[in-house]
Amino acid sequence: MTIRTATAAIALALAAAPAFAGEVRIMWYSDGVEGEVIQDLLSRFEAENPEIDVILDNVAYQVIQEQLPIQLASGQGPDIARVTNLKEQAQHWLDLRPYLSDPAYWETNFGDRLDWMREEGSDAIPGFLTQLTLTGGFANATLFEQAGVAIPGEGATWDDWIEASRQVMDSQQLPAAFAVDRSGHRISGPAVSYGANYIGEDGNPAPIDDGTMAFAGKLVDWTSQGLMLPEVWVSAAGTTYRAAADDFINAQIPFYYSGSWQVANLSTKIGDAFDWVAVGTPCGDAGCSGLAGGAALVAIKYTQNPEEVAKVMEYLASEPVVREFSERTLFLPAHAGVVAAGGLQFQSEDPNVQPALEKFVQASTETLPASDALPAWRWANAYYGALVTRISQVMAGELTLEEARPLMDQDIADQVAAAQQQ
Amino acid sequence: MSQIALKGVTKSFGGVSVIHGVDLDIETGELVVFVGPSGCGKSTLLRLISGLDQPSAGAIEIDGRDVTRVSAADRGLAMVFQSYALYPHMTVRQNLSFGLENTRMAKAEVTGRVAEAARMLNIEPLLDRRPTQLSGGQRQRVAIGRAIVRNPTAFLLDEPLSNLDAELRVSMRAELAALHARLGTTMIYVTHDQIEAMTLASRIVVLRAGRVEQVARPLDLFNRPANLFVAGFIGAPSMNLFPTRAEGGTAALPGGRRVPMAGVPEGSEVTIGLRPQHLRLAQGNEPGFDLRIALIEALGTETVVHGELAGTSGDTPRRVFAILPGQPGVALGDILRLGFDEAYLHRFGPDGQRLVGPGRP
Amino acid sequence: MSAVTSFLTRRRGQGRRWHWTDVVTWAWLAAGVVLMFGPALWLVASSFKGPAQLAEFPPTLLPYVQQTAQVEGHDEPLPLYTVTREDGTEVVLAEIRRIGTNSQMVDPANPEERINVNIADREPVREVGFATENYVAPLVANNFLRFLWNSVFVTAVATAITLLTNSMAAFALSKYDFRGRNAVMLLIVATLMVPLSVILVPLYAVVNATGLLDSLWGVILPTVATPTGVFLLRQYMLTIPDELLEAARMDHASEWQIYWRIVLPLTAPALAVLAIFSVVWRWNDFLWPLIVLSRRELYTLQVGLNTYAGELNVQWHYILAMTVVTMIPVVLIFVFLQRFITAGIAGAGIK
Amino acid sequence: MTSLGHWAGVLVTAPLVLLARAVDPLLRAWQRWTGIGGMAAFFLLPNLLIFGVFVLIPIVLNLAYSMTGGTEILLAQRPYVGGEQYARLLECQDYSRPLTCREDQFWTAARNTGLFVLFQVSLMVAVSLVTALILNREIKGRGFFRAVFFFPVLLSPVVVGLIWRWILQREGLLNLLVVNLGLEPQVWLNDRVTAFAAAVGVSTWAHMGFYTLILLAGLQAIPRDLYEAAEMDGTPPARVFRRITLPLLGPNLAVVLVLALIRGVQIFDEAYVLTGGGPGTSTLFLTQYIYEVGFASLLRNPGLAAAASMLMAGVLVVLTLVQLRLSRSSAGGQR
């Protein structure tokens, strides 16, 4: 008994570290250097605002995905968090509007994408996108050149790209022609390019349509022909995310479909080994659409210090800070003013970086409406999850694509049913 | 007044009775030995006295105080276990002082008592060793020492010598006897070895299947066993028992000799016992019975003869032991005629109880 | 014949000639050494490779860095390559820059002359070198000592509580006869069946309700009631003769003293085994601390190293290096206590 | 560093010692009150308390979760649905073909887990037994080799999975060896057979040292004179092994079997890091299924996961009881 009491007492002493006035905790994850950059920016903020103590908790992305939702559900959590699951958890975000000195600034510069992170019909300002991402392809220019194959130009279709890559593969004796990250999100832009539409008229998920099936069919065929690097998709079950970046970096594949966030990563790891270019998204029957997305910094409703939170957010969302953050992290800014002003000086000595980022900016104008609707759609994750789970089973030879189709519909329907079971 | 008294003590484990209403009085300074075949309940009885087990019914008194519900530690007794139960992780000194420290005794007194016990038992050089570094005999002394330092009202010893080799057992037996003489403290001693019992005991308690068969001084037990069980159990080789029938105030022994048999109803089944030591070669025409020698154990000072009664056939021939003094010239297969004095006969009635009559050594 | 006997049955004597069973034995042991240590050494070697080299195929056994040379007329050192000329001879040149498939090179001995080389014809000149920045950068960037302290705290406290509570329970379950003992035992064994990972959500709810979320105690307490520990200690305590306890009871020892001064010391070998296992388990714990701890000043090493696993990219070079760092105590335990552990399990642990 | 550890040790043990001193008088009073019977309760209390709060209650809550629906995480916000989740899991046209089941992934995982346990336990027993037999010979450096096989036991499952993924991946060490031998490199984790074999092999690699030690202890406890007697009788070695070694090793083998079985069914961390369940779903095991559905996946459903874990735990308990009974009757009682 005494042991228990003693431990309980100590536990209380340790656990109950109440949010001190003026303390703002940010839960942050990093794909690259952005943790260091934001820490640097925050240090500057703290120097100017000694009354506010900003603590940056760098966590694994897994924590954001798995633990934060539970914290939020129990009315806890940090004061600010960098999240990707924006819409589904919108009920937990704080509306900063009453605390902001200039809400109009936010609407002007971030207004386009506030819908991604607030509940349907709300006009709240929960936060802003730290970066905009866009899916798109990368080509190993050196491999193409060595193989004497021209890099497909504007308007080239997926078939063109894979054929060109196949030639490079054959010529250079590579293990595969291309790879796509294992993610439902990654294949959705291309699917839309083939006419897919995930969203039904009532806003609920539509059944898997022929557009989706068309692109999925191509992926499966390319995998069985040995063109698509098999292990990325095949060697995992469920919705596990797997990136194929390493194979591209290692010059094992001439073409890699991922997204704008890879620019910094590729630059660091490829160095001078070969030239690479961003090529946007190849075209399908309906267009050449990538899929936008991004991570947002949002304020959490359960904070004790909304005033201070707003102050931190205003600082981080201010134009110079956004500009510096983007320039140092090689992320695409989501700030309308910064984008309009242009002239971002990305801090990289790598000659491949600047053109790649510019290509992504340009490609972002080519997205289709069906794709633009997805980031702010509640069931997107359910759809992505079903796609990735089942298509990889098809690739592994466990199902035919036709068999997979009703299973995907079922998975999505299950998820909707579960969520509506209240 | 008796120092330790058991009153109708009963013990059962999970519905199985192992001690059936034992009454026993033990006087101050006695060395009482519990003896009996294995499983007779002698160790259980000792544990009930120690307080390590609680009786299912009945009462235990020490110095007139009912201690039935008093814990083992508070009964003022000390116990020596069969395995010695020395604490393997403590030195001999710590083993001896552990119990004293538990009673919050002053340091100086603890030291004094340990030194005293060590001197008494000649284990002073061993005090800083651990039990694993001791020989069997040394461990035995330490175990006794651990009991002595406590100045208990009585010692309980549970087969303390059974783990020693034969030679050591004899010398330790002597030491124990000397120790008892010197300390004068009551001791209760459990053994299955009747030689230990006979040599050490002031009184012996013979137990069988949870019941007391007889309580007596050693020689009384030998000379006047109260029943067939005690008669057969005490003495080695064991007593020859001849079942027969009482007819006309006498009963017939093998070979036809009739001996007086008074005090039983005519025709009842009785048993006559004769210790092997009391058989001798028949002189001349002396009546007796014939024995065919099956095995000879010549021990020098005496010769143990295992024989079969001649003339018995059909059923398994009856085994008879005889101890002949010296080295008589006998050989396997010889037929000996054995005689005896009637004074040495033990007579047991149909119920197996001793019939009144004198017994002689 | 008798060699086969001794192989299948028991040891074989000394001084005989080599028999096929000896060959099998030593082949097996040699394979064992390679298989058991090889992967860990591979991990250590990999942790010293730079991010680019990590992704390389074919991989090299040892970490390499490209050699560079200071060439006149160039401020920065230039990377060196072995270039195969058309006539098949090889020469070492420094690369100035690469344009497409062409490499502009220069002979360090003759800095004036530029040479154009197809990149297919050059191989980098490399020497063994260690990318120590894999270690330095995370150690500098993170409050590494804090993580270390947290890990040590969690490991030490959890192990102490594990030893105390498990040995107490084992003592009760092995040395007292009471109603419901078998039920308790069965309950404890039954929970062996339920791995932590399948009750994460309800366990999280409990930890949340007890206010232990985001505290080191939330990491410690759920792990200390290990059924394994109770089981192991109980099995060992069963071998302690009851007579010792009875002797102690006759010696006026209280039950607590019997536990503390008699049984615990005698259980030392099993306690040591449990302690070592507990230390290793708690030190290696990953999933649970990751879920409980979200404030960085509370991170344990394992959680800390996982901050390099992002949404879209994993910084393997840091993760590998930090994994090696977290392995150090385990390896130390192995080196210094292996005899103790193996003997303890073999002799004491499972009877 | 060491002084940190040292002070931690002192800090931790000092309160315990003080506690032990303080507990004693209380306990004596308690003992006077309850007798020996109350002692057991006292000694069990701390463990059972922690155990109850952090193991039993979650299991009970898990049961509650399994009878609720929806995607909310807090139990209070979840609607009661009775046995719906169980019905969904058990709905199946043909249990031998997972794809005909409503929750095909659950049945796939169950089938994979069954196969895994079958192969892994057999391999584990075989490899540990051979290793133990070898270590039981009089060889030089026996202590060293005994330790060698034990080393991986000390590694964390995550590290184990990571190391082997690095070895088996396309750019891994194994392919380097394969290429040097002049063979075609394989993507080992991309083939259902080799990936499954890798999961079996790696988990055996990681745990065999532990089982080897248990078996070795059993071997060394077999009296040598039995073998000498058998040799005098001219008993053939195979027969000696079958009639003396195996039966006398029985209890240790039973322990190995039970533990390997339990751990086999619970296989998670190392396999998850190693194969992620792939290729396709061919190394998807039950614990991964439960973890993902309940916690990690985009298709999250805590109620379904809870129901699945209850089913799994139920099967495990039954299996273990059967196993214990079998081994008890064959080993002739508990030791």
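We just call them A, B, C and D in the order they show up, numbering each chain from 1.
Please note the rule applied: a residue touches a chain if its C-beta (ideal position, glycine included) is under 8 Å from a C-beta of that chain, and two chains touch if they have at least 3 such contacts.
Here's who's who by UniProt: A = Carbohydrate ABC transporter substrate-binding protein; B = sn-glycerol-3-phosphate ABC transporter ATP-binding protein UgpC; C = Carbohydrate ABC transporter permease; D = Sugar ABC transporter permease.
The structure displayed is predicted, hence computed values, not measured ones.
Asker: Find the chain most remote from chain A, comparing centres computed as mean CA coordinates.
Answerer: B
Asker: With contacts defined as at the top, give the pair, A-D or C-D, that has more of them.
Answerer: By number of C-beta pairs in contact, C-D is the larger.
Asker: For chain B versus chain D, what separation do you get between their C-alpha means, in angstrom?
Answerer: 56
Asker: Averaged over CA atoms, how far is the centre of chain A from the centre of chain B? Could you give it in whole Å?
Answerer: The separation of the two C-alpha centroids amounts to 90 Å.
Asker: Roughly how far is chain A from chain D, centre to centre by C-alpha average, rounded to an integer in Å?
Answerer: Taking the average C-alpha coordinate of chain A and of chain D, the gap between them is 36 Å.
Asker: Between chain C and chain D, what's the gap in Å when you average each chain's C-alpha atoms?
Answerer: 18
Asker: Please list all residues of chain A that touch 2 or more other chains.
Answerer: 3, 62, 66, 70, 74, 246-247, 250, 252
Asker: I need the residues of chain B touching at least two other chains; which ones are they?
Answerer: Correct list: empty.
Asker: Note the residues in chain D that touch 2 or more other chains, in rising order.
Answerer: In chain D, the residues touching two or more other chains are 23, 46, 50, 73-74, 170-171, 295.
Asker: By the touch definition up top, name every chain pair that qualifies.
Answerer: Result for touching pairs of chains: A-C, A-D, B-C, C-D.
Asker: Which stretch or stretches of chain C touch chain B in the complex?
Answerer: Those residues of chain C that touch chain B are 241, 243-244, 246-254, 257, 261-262, 265-266, 268.
Asker: Name, in rising order, each residue of chain D that touches chain C in their complex.
Answerer: 1, 4-5, 8-9, 12-13, 16, 20, 23-24, 27-28, 31, 36-37, 39-44, 46-48, 50-51, 53-59, 61-62, 64-65, 73-75, 130-131, 133-134, 136-139, 143, 145-152, 154-159, 162-164, 166-167, 170-173, 175-176, 179, 205, 209-210, 213-214, 216-217, 219-220, 222, 224, 227, 230-231, 237-238, 240-241, 244-245, 252, 255, 262, 265-266, 268-269, 287, 290-291, 294-295, 302, 305-306, 308-309, 312-313, 316-317, 320, 335
Asker: Within their complex, state which residues of chain A touch chain D.
Answerer: Result: residues 1-4, 6, 62, 65-66, 69-70, 73-74, 175, 184, 230-231, 234-240, 242, 246-247, 250, 252, 381-382, 384-386, 389, 392-393, 395-399, 403, 407, 411, 414-415, 418-419, 421-422 of chain A touch chain D.
Asker: Quick check: in the complex, which residue numbers of chain B touch chain C?
Answerer: Contacts found on chain B: 50, 52, 71-73, 77-79, 81-83, 85-89, 98-99, 102-103, 146, 150.
Asker: Where on chain A is chain C touching in the complex?
Answerer: 3, 7, 10-12, 14-16, 25, 27, 29-32, 35-36, 55-64, 66-68, 70-71, 74, 76, 78, 84, 141-142, 145-146, 241, 243, 245-247, 249-250, 252, 259, 261-262, 265, 268-273, 275, 295
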